[in-house]
Amino acid sequence: MTPRLTRRDFIKVGAGTAVATGLGSAARKILLEPFVRPPEDVLPGQATWYASTCRQCAAGCGIIVRVINGRAKKIEGNPLHPLNRGKLCARGQAGLQVLYNPDRLRNAVRQTGGRGSRTFEPLYWDAALDLLTEKIGALSDPGRLAFLGGLMPDHLYRLASLFCDGLGAPPPVIFDLHSALEGRATADRLSKAFFGSDELPVYDLAHTEVVLSFGANFLETWMSPVAQSRNYGRLRQGPFGGRGLLVQIEPRLSATAASADEWIPVRPGTEAHVALALGRIIVEERLGHVGSHRSYAVLYQDVEVGDMAQASDVSVETLRRLARVFADADHAVAIPGGYLAGHRNGLAGMLAVQALNVLAAQVGREGGVFLSHPAPASALAQTARVDTFDRVGDLIARMRAGEVDVLMVHGANPIFELPAAAGFAEAVSHVPFVVSFNSFVDETAIQADLLLPDHSYLESWGYQVPAPGADRPVVSAQQPVVRPLYDTRATADVLLALASRLGGPAAAALPWVDEVAFLESSLGELVSSSLSAFPADTAGDFWAVWRRSGGWWSEKEIPREPEVTSVVETPLRVVEPTSEGDSGSYPFLLYPYPSVSLSDGRGANLPWLQETPDPMTTVSWGTWVELHPETARSLGVVDDDVVRVVSPFGSLEAPVVVYPGIRPDVVAIPIGQGHVDYGRFAERRGGNPLALVAPVTDPDSGAWAWAATRVRLEATGRRKALARLESLEGAGRESLR
Amino acid sequence: MPDVKASAERTPRWAMAVDLDRCTGCQACLVACHAENNVPVAGEKLAGYGRWMHWIIIDRYWEGEFPNVRARFMPVMCQQCGEAPCEPVCPVFATYHNPEGLNAQVYNRCIGTRFCGNACPYKVRTFNWFRPEFPEPLTEQLNPDVTVRSRGIMEKCTFCLQRIRAVEMEARAAGRRPADGEIQPACVQTCPPEALVFGDLNDPESRVSQLARSHRSFRLLDELGAEPAVIYLKGGETNV
Amino acid sequence: MSETLPTAEAQYDERVLLAKRKDSEINQAVLQPMMQTGRGFWGLVAALSAIVAWGVFAWGYLIYWGIGVTGKNRPVYWTLFITTFVFWIGISHAGTMISAVLRLLKADWRRPITRGAEAMTAFALMMAGLYPLIHLGRVWKFYWMIPYPNNRFMWPNFQSPLMWDLVAISTYLIGSTLYLYLALIPDMAMARDHTDGLRYRLYRMLALGWRGTEAEWHKLHRALGIFSVAIIPIFLSVHSIVSWDFAVTVQPRWHSTIFAPYFVVGAIYSGLAALATILVIVRRGMRLQEFLRSEHFDSLGKIVMVAGMFWTYFWFAGFLVEWYGNEPVIRELIRQEVSGRLAPLFYLQMTANLVPIVLLAFRRIRTTPAALLGATLLVNVGMYTERLLIVIGSLQRNDIPFNWGTYRTTWVEVSIVAMTFAGFVLLYTLFSRVVPYVPVWEIKEGRLRYTMRRIGRLLVPTAAEIE
Amino acid sequence: MRMRPTSRSDEASGTPEGSSVSLMGLFDEGTRTAEAIDALLAAGIAPEQMVVMSGVPYPEQALGRRREWLALPYIVLAGAASGFLFGLFLSVVTPHLYRLDVGGHPAVGFPPAAIIVFVFTMMATIVSTFLGVLWEMNFPRFGPAPYHKLVTDGNLALMLECSPSREGEVRQILQAHNAHHIGEPERMTL
């Protein structure tokens, strides 16, 4: 940091200059000493690249950041990283604006005027830590401490777990909307049930011929979109010739479906019925070339193709055609996507889809299904697992019952991300002391008493085991690419400092002096790993290589073949979808979907992402309601007419986008806008469709069934022009010819 | 006048191939371009009135009707026309053809007649209607290699000229020519499905040349004869 | 303005009256209204100045904030400013048309209206000339177009139609101003001899020492002769070049070979109509009934009508080919005009341009000032609309439907357009009080050439065949 | 070729010797003026010594004056030629001074060059005509000159130079043709 310039210094500097310029004889060589010595890594005008890990979503892509004069200037994909191989998505590209966001919280503050008052009093970190130590120390029972995490880097999750464990508090609850929308919790369950594994499956898109995607928007936000997009490119125009077939089965034509060869507008919640019907047809008609299907016939004993066709609104002919295409292909894969997990039959449905891969013998086969690698070291194995909605519900209930005295929130924004009906906002008021580690004052942070902003991810240390992973074991490294801009502090360091102040078991559980020491000890096992792509003999070497290349990964591709559990010996269940709200007064099913640019809303404070047009509607900066042309006509509305969407849980008003690619009985609204707090670019813009969504779960998995709410539409007679890239008059035509 | 033939052998003709079969419409190129080229953000009001500043946009076309409806994506950036309609109309040579076939835009020569914007059949030029705003400290994100344009100035995709120059200079210092694929504009660099390929059309071995010879290749509004340097590759059909 | 111009009988009396007038009486008849600046006049000047001041404020606002305060966007990069620019350039054409062409053709009825026509040209050009400056937004960059090399010895691009515009409009402005001034010198001398004080000093300065010697008259005539010949190709080139601003692009509907003559004809149509409008108003305002008689309005009305027919012909020739070609974007534009969002403007254009042609076929309308005023105002409404359709209408559509646009105007644009209309009227009003509106020496010269000759019962003016 | 000073023959007062007398008479109309001029010519007054001023342009030779040679057409031609050359310089030479290629066009193309050359030719023509005629008329000239204000009120002023000995004869001729205001011309500041 630049020292303060005193008057005395100034005189000294002035005198020195006089010697150099006025009195210096030609014979004497006087070295001019600059007033401020630049840091060693700052070469004026020279760009330096630092490798790190993207934290804009959970995928864990490797990034390299161009730094000039100590300032990050551009983020690119790390070309060495096995997951994304130099590629990066829009959200990853926009990471600079997290760092340089004008609305970042710049130091620790207390909210002195009461929660929501927005009157903040700056605190010295020592005072803040004292305060927090005192609050935790004063707990009558460590169980009255709750830690709620969102998108946490793995090292912080481990530290927070150790912290809670050491204190005797319940383990951190992890919830974030993005993960809920991609069905991560259900996918975890599915993996466990199907492959007996904690790791998520990887679908080998690059080498397959036929992809049946059941509600997986894998080119947008689902799981690891950059890696999947890269592989999609190879599916299309791969180096091996041939062109794969992609069939997207979902009620709304997503950007992924737009890239597909065929879109099957299935009735919402019955995607799995299609999968079941396909399986039944394959078994019945002995399709494919894998020999006998007899062993799997049991799976489909309860399935009747005609019923499935009727329930799903997909014709039997189509089902037969798809079954043949899928079964006949050498390499084919079916993907159970996040939209399935949003229904109350989510787990059952995803099981049915995964079963297709078993049926077509695509498990562990090139172009089929593989498993992600587990963390290559035991210390790294404690990775962040998203919790189900049920567990979050437990926390809310505890809070409401006054069983939580201190709530620590890191990276989560439950007031925005949970359905309003879940009552988190109300529950918070029963918690006497709330601490937020968020970098921005979002809807949850505004309810906190103490705000201890973490560094932005470009100023932070950490590691991440990508899940789903790549074709080999990988740990992504995160390191600061610039010095912290503000007086923020790494939450890991805050937890370590807290532990040492609290003493006792907490201090024993967290013995590290600082975050880096913690990282070094966590990564210790990797140093001697024989798999490493970058040999390093000593811990020092390893640390340098780790930072330079942006992580650790194996040199060779190591596919991990899954073992199918006994789940395939029991018949698959046909679970009819149910939804909240009766179909008489609420004739439409609400389809909230994550925005490609804003994701679950965490991108809403970045102007680049706000300005990025939605690929399908080309709208930026707003919320809209997608209606089938027929629906719009019967409602008497056209593009830009504002409609009110009413569910049993709330209502929302937004302009209409007449959308040719949506079922007439479905209404889609993008998630991401509707922030009340979260900085100037996000606030008071659009609406949050989660206000409409029922807080119901899939009873099999406990996951939030966010796609199972019915709504009705009301025209308001008002108009609001959306910021569209396309000309409405152009009517989406490519040319007039 | 230099010998045209000889110079054609020596000088590159930079071109970009856009494989529509790979493009997923993900908008990564658009944000990468904003970051690389200091493209300002217009805000909702201006963006909604056709005053967004993107140098690359992804057109989305609808085909057919529900349920057999399809959408296609088409990234459109400055086509770097060989015979650019925008160039001769500028009274002050703010836009001209550089020897490497690029349609250069010289910001400090632009006086803002917006004639080039009208002349461009692809409508890929954007105009700084107001002074661009970068609320502090967003100015820190600005790329020092690229001019920040003031108001009243036309701008457009440059194929990341600063990156081309950097690689060229490095190659010249090493006494070689830039290798194929060594130069990557920001959009090409980031494109997840690798739909964008950049290279030298005058090098018959370059990937972009090979793609240009593909039976799938076409150029946007080819009938106007502007000789664009952006080569589109048609989306395919999978026969099953 | 419900008066009807005198019938043939009365008109004949008027002419006799003028023939019987002494030179000094004519001088007084012209000079008298110039000196009278009553409350109405100052009220008008104040109102116009207020509008101009508001427009200057709007321009300042535009300069301060940027061109974004107008309604322009992508792809509608040119809007009301360019539209009005084309309109004023069009208006400027009539002055030359009347005074140069008719001077060459020795059409005698031109005499009382040449000065007004030339002044209209000069002022319209001045108003037009403002628009390129305003249009840039950063007006201080304008000089970069002036043809001299910059510090790297780079010259402007002479392939750009805007450069052609710059030089052609400068030429036309210089030419028409000099032309106006040259023909003004003898009248300045006349005014000098009949005024004192400030006006005397002004007129003396402008008269340059004119005494009216034979040699001076002779040289003046030669110079005016050369001017008349030289300025005709200039006036043709100016509007052609303006049309090429549009036609050289590949923008659908602009890319047309017929644009140059179509624009020239349109310019003449609107310019002559504007001249008639102005003459009707000035005649009443300055009580010049004696000089501006029905025969002048009759003749002027006839050429307006003929110009209108030509305009219709050219419009049809262009429209036919566009319609027949059936190219998708042009078809879309035509659809927009005929039945789409541009339809109100299109039908306004057609009505306002075609109806006056029919109206002006009637002598009674041509010679009834109020009717003539209505008809010619209608022409200019039509011609302004035509430019709106060409500039803004066409730009809203292009080859890629994704990129189509819409345009909404703003108060800044409207204020600046209003500023030039008010500015034009203001300049013209002030001009009419400073400079003899009727070219006195030309009237006198015409009178010299006529004698009243009796044919049967009629007393008819007969012209002498003199140079 | 005649030199410029001699073309200033209308400057009747310009006789160097103080030996001559200037006289001016006003006429009401042209016919009488012409007759008076004829009579004066017959009386031996040289045409160079007579100047007629009128508020109305009389057709040439109406007052018996001969046609005069003018340099104006040559000035105009020279102006046009220089404008042509300047236009040629701008459109043909300057593009080569700092070569920039646009739109696949050659550095110099005929149509744009033709427009530029044409416009500059015309501009120079116009300007040289104006400047030429002012030069020919020796304008501006604000100094005192013989003049009468009644000229612009429809009178014709005949001004002439004669030797003092012939003054009476000349006055008689003028009076005989109904001239009025006969006398030494008033030198007015114009």
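Think of it as A, B, C and D in the order they're written, each chain with its own count starting at 1.
By definition in this document, contacts are C-beta pairs under 8 Å (C-beta built on N, C-alpha and C of every residue); 3 or more make two chains touch, one makes a residue touch a chain.
Note that the coordinates shown come from a computational prediction; the quantities given were computed from them, not determined experimentally.
Asks: With respect to inter-chain C-beta contacts, which pair, B-C or C-D, contains the greater number?
Replies: Higher C-beta contact count between the two pairs: C-D.
Asks: Just the number, please: Cα centre separation of chain B and chain C in whole Å.
Replies: Comparing mean C-alpha positions, chain C is 45 Å from chain B.
Asks: From the mean C-alpha coordinate of chain C to that of chain D, what's the distance rounded to whole Å?
Replies: 31
Asks: How big is the gap, in whole Å, between where the Cα atoms of chain A centre and where those of chain D centre?
Replies: Those two chain centres are 90 Å apart.
Asks: Averaging only over C-alpha atoms, locate the centres of chain B and chain D and give their separation in whole Å.
Replies: Chain centres of chain B and chain D, defined by C-alpha means, are spaced 64 Å apart.
Asks: If I count partner chains per residue in chain C, which residues reach a count of at least 2?
Replies: 154, 157, 159, 163, 399-400, 402-403, 405-406
Asks: Show the residues in chain B shared as contacts by 2 or more other chains, in ascending order.
Replies: Only 52, 59-61, 85, 88, 90, 93 qualify.
Asks: Tell me, which residues of chain A touch at least two other chains?
Replies: Those would be 725-726, 731-734.
Asks: Can you name every pair of chains that touch?
Replies: According to the stated criterion, the contacting chain pairs are A-B, A-C, B-C, B-D, C-D.
Asks: So in the complex, which bits of chain A are touching chain C?
Replies: Going by the criterion above, the answer is residues 725-727, 729-737.
Asks: For the complex, which residues does chain A have touching chain B?
Replies: On the chain A side, the touching residues are 45, 68-69, 71-77, 84, 86-94, 96-97, 99-102, 210, 219-220, 225-226, 229-230, 232-233, 236-237, 243-245, 253, 255-259, 261, 263, 265, 325, 485, 596-597, 607-613, 615-616, 618, 620-622, 628-630, 660-664, 680, 685, 721-726, 731-734.
Asks: Along chain B, where are the residues that touch chain A in the complex?
Replies: Touch list, chain B to chain A: 19, 21-28, 30-32, 34-36, 41-45, 47-48, 52, 54, 57-63, 65-67, 69-74, 135-144, 186, 189-195, 233, 236-238, 240.
Asks: Can you list the residues on chain C that touch chain D in the complex?
Replies: Counting only chain C, the residues touching chain D are 22-24, 27, 147, 149, 152-155, 157-159, 163-164, 167-168, 170-171, 174-175, 178-179, 182, 186, 189-190, 192-194, 204-205, 207-223, 226-227, 230-231, 233-234, 237, 241, 441, 444-445, 447-448, 466-467.
Asks: Enumerate the contact residues on chain D facing chain B in the complex.
Replies: Residues 100-105 of chain D touch chain B in their complex.
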